[in-house]
């Protein structure tokens, strides 16, 4: 099994080297003449007036948490779907119960308006 | 030393390096990114234990989801770095003591009893069509059914808790309801008033 | 000549042989992918041009054939501008992080029955894990450039990618239930024997969810609010120029083609022929082969461009609603439908 992952390891190294090489090529071939106007961050013609790493809406945070929870669900569903023919009726009912419990959570989210983007 | 061992030592070294960078680097975003690297190397080490499914799931869930949340949080909070590092020297002795104790405990546990090469011989090589994921699925949904359903309940609690903690209705947001807009009749909006022409006096 | 070469090859240590053989295979995969990306940009401009009754690029080379090459050369000679106050290291690292996963995912794609770099058992899971890493390039780019537009664009883009990844994952579960394997080659082989065996028929809702989520995941029109020119200029890569920008571009288009390749393997039978074995027996040139795979992927890529020319841009709240409130329920219902059909009714054979 591990032998199958050796090409992937090599591929990862190649992809990283390719990425670095392309930036280096750009650096070597391209000009390098910085000036303050050119290097100032884009701001629609205004002078940049404050640090741009501002606080943002807590809503993004909620989306990220819900994403983790659903990602875990998917992680549980994958082995079940693969072994579907072997786990039999018991496994099927178990997963339906699992999904049922999580659908309750999903309905709660929906009714609470957590999925609404105002 | 063959390639397997070399790969193990490489990923283990990267893991230890990344983990120590997480707690020493100054910028919190960089710390979070080193944690990503740590998870990734850990996944590589798991892969060498033939835990194919768990290893890729570690990348999928921790690198792909949990660390995205971490980055959001780290980027969202205005962490005052100077204040964060204030008590560093003060807590160093206690922290160091705990770390030494942990290392000692691990050394005692790993050096005795059921651990070691003799007790854990290399498992028999697996057949070519062996599917780690299928093997996991076969036991998880039959033998370990009860913990599996408890996992569902924990996830449900997590959903409810996340919403309770972070749901804030914004008061200043305005939005339209297209259904209502369409249902409006002329009579709701326009009132025709008949009145006589006014004379100029 | 060949004998000396062969002798030289056999004299090499075995690890070097493995390394070299794999490097050659990787080059054989990467070069066509990069070329395909280059000519996808050409096709995009040309096709959208014709759809809007223009001719598109036609100056560089005959009928504009050399346009993408010239674009690449031009980008090479452009300055890589690093804005003041940007986090230098991360600013340069972000495009590499966006590019590398988009390439590595190609390692497990089966181009035909025998053409693949590696055939791991958990291929689909591997691709899902790798595509979920693509979001780092976006977030880091937005944060490191220290520009408001880039930051807002990266947040929007990240939330959108994340929301559609769930729908995508659920859609894949349906495919797994039908095929009973995570291995992409086995999934394609399970659909062999003609177009009526393809999973697009029993799993049509999942195909739609998967493909539309793919469009949203790659930030393509009509879901390209993250780079909506009229609102936040170009999104997370406003501050990028030259080769750093080219890396983002390559990554994004390679991801698009990857989505098409996966859709072709999982729903359209990959390299298998759409004709039944009876037809193939009399006309052998219609049999399986990599050309079927390429035709299917090209068609799906054409759809990507077609969408861009046809649909107006979605609003951000509409995008989030579609992802969470339409796609996730649809996929959940269809998973239950497949399960019930398999276990409780005699129609399980419809889903294999």
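All chains are identified by letter, namely A, B and C, in their written order; residue positions are counted from 1 within each chain.
Heads up, the rule we're going with is that contacts are C-beta pairs under 8 Å (C-beta built on N, C-alpha and C of every residue); 3 or more make two chains touch, one makes a residue touch a chain.
Keep in mind that this is a model prediction, so the values were computed, not measured.
Peer 1: Determine the chain that sits nearest the middle of the structure, using the mean of its CA atoms as its centre.
Peer 2: Chain closest to the assembly's C-alpha mean: A.
Peer 1: Measuring between Cα centroids, what's the chain most distant from chain A?
Peer 2: Centroid comparison gives C as the farthest chain from chain A.
Peer 1: Taking the mean of the CA coordinates per chain, how far is chain A from chain C in Å?
Peer 2: 15
Peer 1: Per the centroid of Cα atoms for each chain, what is the distance between chain B and chain C, given in Å?
Peer 2: Chain centres of chain B and chain C, defined by C-alpha means, are spaced 25 Å apart.
Peer 1: Suppose each chain is reduced to the average of its Cα coordinates; what separation in Å results between chain A and chain B?
Peer 2: Once rounded, the distance between the two centres reads 11 Å.
Peer 1: Two or more other chains touching the same residue: where does that happen in chain A?
Peer 2: Residue numbers touching two or more other chains: 1, 5, 53, 56, 60, 64, 67, 71, 78, 81-82, 84, 95, 106, 118.
Peer 1: Which residues does chain B have that touch at least 2 chains other than itself?
Peer 2: If we look for residues of chain B contacting two or more partner chains, we find 52-53, 57, 60, 64-65, 68, 72, 75, 130-133, 175.
Peer 1: Scan chain C for residues touching two or more other chains and write them down.
Peer 2: 120-121, 125-126, 132, 143, 158, 162, 165, 181-182, 317
Peer 1: In the complex formed with chain C, which residues of chain B make contact?
Peer 2: By the definition above, chain B touches chain C via 3, 27, 29-30, 33, 36, 52-53, 56-57, 59-60, 63-65, 68, 71-72, 75, 130-133, 175.
Peer 1: Give every residue of chain C touching chain B within the complex, in rising order.
Peer 2: 15, 87, 90, 120-122, 125-126, 128-130, 132-133, 135-136, 139-140, 143, 158, 162, 165, 181-183, 317
Peer 1: Any idea which chain C residues touch chain A in the complex?
Peer 2: 18-19, 22-23, 25-26, 30, 75-86, 92, 95-96, 99-101, 103-104, 106-108, 117-121, 125-126, 132, 143, 145-151, 155, 158-159, 162-163, 165-166, 169-170, 172-174, 176-177, 180-182, 233, 238-239, 242-244, 246-247, 316-317, 320-321, 324-325, 328-329, 332, 335-336, 339, 342-343
Peer 1: Residue numbers of chain A touching chain C in their complex, please.
Peer 2: Residues 1, 4-8, 10-12, 14-16, 18-20, 22-23, 25-27, 29-34, 36, 38-44, 48, 51-54, 56, 60, 63-64, 67, 70-71, 74, 77-78, 81-82, 84-85, 89, 92, 95-96, 99, 103, 106, 110, 115-118 of chain A touch chain C in their complex.
Peer 1: Once bound in the complex, which stretches of chain B touch chain A?
Peer 2: The contact residues of chain B facing chain A are 4, 7, 47-48, 50, 52-53, 57, 60-61, 64-66, 68-69, 72-73, 75-78, 126, 130-134, 136-138, 140-142, 145, 148-149, 151-153, 155-156, 158-160, 162-163, 166-170, 173, 175.
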